[in-house]
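The next block holds one structure in the form of structure tokens; read it before the comments.
Letters A, B, C, D and E name the chains as they come in the text, with residue numbers starting at 1 for each one.
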Amino acid sequence: MNLTLFLLALFDGISYAALIFIVALGLTLIFGVMRILNVAHGSLYAIGAYATASLTGWMLSLGFAPVLAFPLMLVSAILVGVLLGGPIEWLLLRRIYHKPEVLQLLVTFAVFMILEDVQRLVWGTQPYFQASALQALGNVTVLGVTYTVYQLILLPVLALVLLLGLRVFLRHTIIGKLILATTEDREAAQSIGIDADRVFLFTFIVGAVLAGLGGALASPTTSILPGMGADMIVLSFAVIATAGLGQIEGAAVAALMIGLGRSFAVYLWPEVAVLVPYLIMVLVLLVRPEGLFGSPVARKI
Amino acid sequence: MTVRSPDTTAPHPVASHPPTSRTPASGRVPARHVLTALGILALIAVPFVVPQLQLLINLALAKGLAVLGVTVILRAGQVSFGHALFFGISAYAGAFLISAWPGADLIVVLIAGALGAAVSGLLVGLFVVRYRGIFFGMLNLAFSMIFWSILEKFYHYTGGADGIRLTRPTVLGHELGRADFELILFYLAIALMVGLGWFTLRWLASPAGQLFQTLKTNETRLEYLGLSPRRVLLSGYVLSAVLCGVGGSLMGMTQGVVTPEYVWWVRSAEMVFIAVLGGAGSVRGAFVGALVYEIVRIYASAFAADIWQLLLGVFLLVIILFAPGGIMGILDGLTGRARPAGKVLK
Amino acid sequence: MLEFRNVQASIGIIQILRHLDFRIAPSETLALIGRNGAGKTTFLRSIMGFTRVEGEIHFGDIRLDRLPPPKRPGLGIGYSPEDRRLFSAFTVEENILLPAQAARLSGAETRKRLDRVYDILPELREMAGRPAGNVSGGQGKMVALGRALMSGTRLVMLDEPFQGLAPALAQRYAAALRALRDADRTITLIITESNPSLLRGFANRTLVIERGEITEGSLEPERAHA
Amino acid sequence: MTASQTAAVPLLETRNLTIKFGGITAADDVSMTIEAGRNLAIIGPNGAGKTTFLNICTGWIKPKSGQVLFEGRDITPLPPRKIVARGVARAFQIPQLFTEHTALENLLIAVSAREGLRNPLRPMHRIRQRDEMMALLEMVNCADVADRLVVELSEGQRKLIDIAVALALKPRLLLMDEPTSGVASSQKHEVMEILIAALAKARVTSVFVEHDMGIVSRHADEVAVWNTGRVQLRGTPAQILAHPDVIRDVIGEEIA
Amino acid sequence: QDKPEALQVGMTTFLTGSASVFGVPARDAMDMMVAELNEAGGINGVPVRMTYIDEGAGAEALTSEFRRVAGQAEVMMAGISSGNCQTLAPLAEDLQVPNLMWDCGTQRIFEEAEYDYVFRTQANATAEMMAAVVYLLQTKPDFQTIAVVNQDYAWGRDSWDIFSNALRVMKPDVEIVGEFFPKFGAPDFSAEISRLQALQPDVILSTSWGGDLDTFVQQAFQRGLMNSSTFVLPLAESSLQRLGSSLPAGHIVGARGDHYFLHPERRDDADFQAFVTGFQEKTGSIPIYSVFHAAQALEAMKAAYEKAIADNGVDWPTEDQLLAAFEGLEFQAFGRPITLREDNQGVEAQLMGTSVQTGDYPFATLENIVIYDGAQLLPPVGEVSLEWIGGLDASYLDGVQSDSFEN
């Protein structure tokens, strides 16, 4: 593999990693704070994509400029977070926080099943494709290979912004601290005056917005069709487990490893490209049982 | 320094569903035993009374065995998203055996499958018992997905997504037609359900099984009782793999074909789903859950094909929110064997 | 200040508190004593809202039992749980500051309260920067106590605060709490303790709890037993 | 093993144990011997390293340097379970119990672990040792809650059951971390009385960390004082509890 | 035999999952056609009643549902997925219920076993790939290098096996420069596309379908890959409308049969036009090959019943009479007529074309259409596809009968 190919693989890996990172970010946030592995995250991702494609298509049909697709992505993400994420937490999850974790997980699994069918009822089975946002930004040619600006530059930059933003928010703002405290011990948090219900609702909505945003950002690069959420959810699970629980930086590194691993596999050994996320996960956990950035738990005896 | 396993950090461990079978040794036969016996009798009568349900129930029982495997793991407070792995390994072991040796005996196929599951359970287990919680679940998922990819990739050997056909095995040397063979499989499934279910119940109540269940609440103490939590988990893990494996073998022979779909993660999730539906941690619940699930699913997909998933999801939500003890919880409530409410906490 | 009107609490079908009917005046210091499992912790948890109760709990003119649990510390209630419940992701000082941050206190007020905590519990100052997850059992008790003092401006509830503390330290803290009460006559203290000797000359009222029922008592119950 | 040999080799010996956590020295050159058949109390200010000492002796934490010998054999590198298997049991400062099992089941599980009961078809509830375990519960005043789930018990009850679990292992050396803290004062003397008597009868050596000087003076044969990771003093209860440093740092003027 | 009240037919099709892009239109078409048929009096006065079974509901649900429905139905139609056909074909044989494999492609079924009750009313993977190879070699004989990007499951692998083996014997000098099997449902082909841009193959083959194909083509188009390489997309007929302007002119498109909403031989026929318009009105989309396959299955069934009735002079045939009628049956839906060979395999013509953006439609249509006669694209009865292909050589190309159309 020469330097050119190496760089090409690097670019591909980064842009792919950026997208899975954004999706995994919401998942790891929810998991980190609420200890719930939200299987419905995949559906929220898919619905974010569908909503963006529909809204953009509608906007274009009204004759607006394609760049307006970008604000619409944000709008879709927020709609997903508020209209779906909010009620899921508020009506369902809130009732089972005191129950075993596996029940919480299954509630999200049930929501996943429901939303899969809802998507099909609303958007049908035909794939959607709405790439005007991506076309609006044009292409760049690097080393004789053409890339879309959207994938090569916009996605990685956005991922970085989200990473830093969320990090600063959680570590350096008071709300962030209160969220972290609630994460560790819901009842103790309440006993010092933290409204854990609000924290959870807020977190879940933010996580859902991130899922929707992931879908919105993915929408111009992919066909949107039934089942797209299921694939994404498994991938993001792999990312957050590799990363270590609730680890935001870890998720970034894990997403990069998986993204790069995949793109290098395409160059070097295409047969294993599919296996890459799982192999990376097994290898990482073999060496670091708490995940890349996970830390051993505090003493208790 | 030694590190504590992540799962035991929940600040207030909360009791969930039946931790032990704390049946008081009273003289009269508990309603639960009577109901179980009636249920088994009803199943035995199925081929004569409602033959059209025979296949469905046969498949459900096969799946119920796999769910039983997942249930065992749940008792240790762990959730596996990859137990379909053993389901598939065993089914494929049977398929390879039959294609290498056409006309192999049913019992041989079953034993080969269980052995395959046991060996792979031991190997995978040696690795995954180091982890708890989501890591445990995800690593199981990873192994099942790796196996899934292998099945899809090496399609010259595995038939890829189309899978492998299992020609009908002989039964004690006899070649049978479909109807006879299916009847035998059906009763075999019932026998296995009764036998393995009984064994699992006894195992769970025995010291070994009780030790296994302590993993859910306190591994530190387990270590300070002089035992290795990993080894304790491994014992139950292998048992659960074998149970899944027997289910997989049965399923393969009943369907006549094995496909990579057998190990797909959604199938693993479905097993967990059924385990909770039946009553998380309940041995009988595994089978009751599987029967109810299959029936609901068949009828939902037959009469509301567009929204069967939606219906199933709603069904699950209703169970979790309103009957968290699962179907067994409801049944126990009806037969007055409700747990003291003190055990449902805070 | 704090008034219980026919309060009952049960967990599941087991009744744990029965017919609690009494008032605590401001500035009172109440000692709650009783055998293991008598219901002391449950009593405090019911004030915090972690145990569901029937009946009425009044705090000043507020119906406490109707208030969601996280709103209660905002009324000036501080609670130090028996099992510490520290936030291990934070340092000792951050743990102590969290109640102030949750209540969105001003910087000056936070500073003032923090100083008060350090005055009462000077050992905490040395541990301020250490991760709260690693402190020893007794140190953890101190942090929990400090954290309770942060939000407890009107009612401080301490569940076995001296458990696991070296006696020398326990005495010092008892004295400091006594001084705090003497300095601020609006504050109410409720302390559960299985070692009543520490509370002598401190509590001006003692309640004995037995199988969930409360009777007025004196601080020498175990003499009768011995 | 002859009597003279038993006397020659201390049951537990530590040599120059050292460990630091970040900047905190939790064990600083700790060398201790514990003779068989005695009850040693460990006292000291909070954070002095008492629990850490027990953690090292049972293999939970590995010292940075130094050795732990049990019956003359080096057990430093062993994990807790191997040490336990050699006859050391521990009760914890924060009770370590199987919270979704009943109190009695906790003991039955412990005894199953000790006896290595492996028959998968014999229910635990029917094992021979059931009565023996009920007696243990009786001893720690918890017979009335034998059939309650541990998660439903109060902190004090858990402490007592934790001790009973350690006893169920029939150890030769019993380490207890603040056995009476959280136990109501009306009960603790009684419980300790019975406990110490039972230990003596079964010839169990015990080491217990304690903050209650009443208990120490009554039940310890010897007292060791910990301070900032070091063994500051060692002697009989009478000597130690009267020592001015101890009064200042540990006991407090008021009680003394 | 007495006429039944209704002719019960069970059909398995994907109603959920990603393959529902084929399954749902096929069901919609079937409903439409059956309604028309029943309005016109059904089959000899007997109306047809359809029951659909979701192939996406998983193997257990599928087999038990199949059995339940087969218990009441006269004829079954299963299915779309090759894996499901592998399961259901032997089951139908055991249950002794006539089963029409209406859409699945695997060539293995009839090559590995003999069936009395199972018929395939369309071609199989071998015929489809052979047509693509032949068209490629005829329209672009000089290419030197090829790469493949197929979905990573049996269809993607099997089709590449057939294609590459055929290429090897007919044009041995071609170099295979890249073989990519991204996972089924992959959302992003950026890495593959970068790699392809670096490799610059003359031809890129992809037998993907549905969203995978759409994504791949869209991304390749956006990044200019379609300017430098010729794409061979044997299933792209089903994606034409969705791809819109992203499928530029000059790429090879196939249709798994002679299925095309502007079929050059059929587009002027009234029935064809009525069907296409009707379907478009009902669903808003042009009919795709799975729709045509459904039509073929229905026509085959109808033809068999009518033949059996006529041959035996009865009101309604017995099962044996019906099975006999299927032997060598000839029928026609909205393509060329199809015949069933003695191994029950359908012989179906194959249509290939080159994409062109004419402006008549907001998406690519086909030009340089060639329709290949089906018989020569299949191995002779009793032969296994890959072995048969191994024995071919370049002269095979000249023997394949075809008709060319400009558009």
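Keep in mind that, in the parts below, contacts are C-beta pairs under 8 Å (C-beta built on N, C-alpha and C of every residue); 3 or more make two chains touch, one makes a residue touch a chain.
What you see is a predicted model, and the numbers here were worked out from it, not measured in a lab.
Steps from chain A to chain E, minimised over paths through touching chains, total 1.
Chain pair with the larger contact count among B-E and A-B is A-B, by C-beta pairs in contact.
Centre-to-centre spacing of chain A and chain D amounts to 49 Å, using the average Cα coordinate of each chain. Centres computed as Cα averages put chain D at a distance of 76 Å from chain E.
Distance between chain C and chain D, defined via averaged C-alpha coordinates, is recorded as 29 Å.
The set of chain C residues that touch two or more partner chains comprises 11, 14, 50, 85, 134. Multi-chain contact residues of chain E (touching two or more other chains) are listed as 16, 152, 181.
Residue positions 116-117, 120, 184-185, 187-188, 271, 274, 297-301 of chain A are each in touch with at least two other chains.
Those residues of chain E that touch chain A in the shared complex are 16-18, 20-21, 23-24, 152, 178-183, 185-188, 190-192, 194-195, 197-198, 210-212, 214-215, 218-219, 222-225, 242-244, 246, 285.
By the touch rule above, chain A contacts chain B in their complex via residues 31, 37, 39, 92, 95-96, 98-103, 105-107, 109-114, 116-118, 120-121, 184-185, 187-188, 230, 234, 237-238, 241, 245, 271, 274-275, 278-279, 281-282, 285-286, 289-291, 294, 296-301. Listed in rising order, the residues of chain C touching chain D in the complex are 11, 14, 33-38, 40-41, 82-83, 123, 127, 130, 134-139, 141-142, 160, 163-172, 194-197, 221-222, 225-226. Residue ranges of chain B in contact with chain D, taken from their complex: 1-2, 13-16, 19-20, 22, 25, 199, 202-203, 205-211, 213-214, 216-218, 220-228, 342-343, 345.
Put simply, chain C touches chain A in their complex at residues 48-50, 68-74, 79, 81, 85-90, 94, 98-99, 101-104, 131, 133-134, 147, 150-151.
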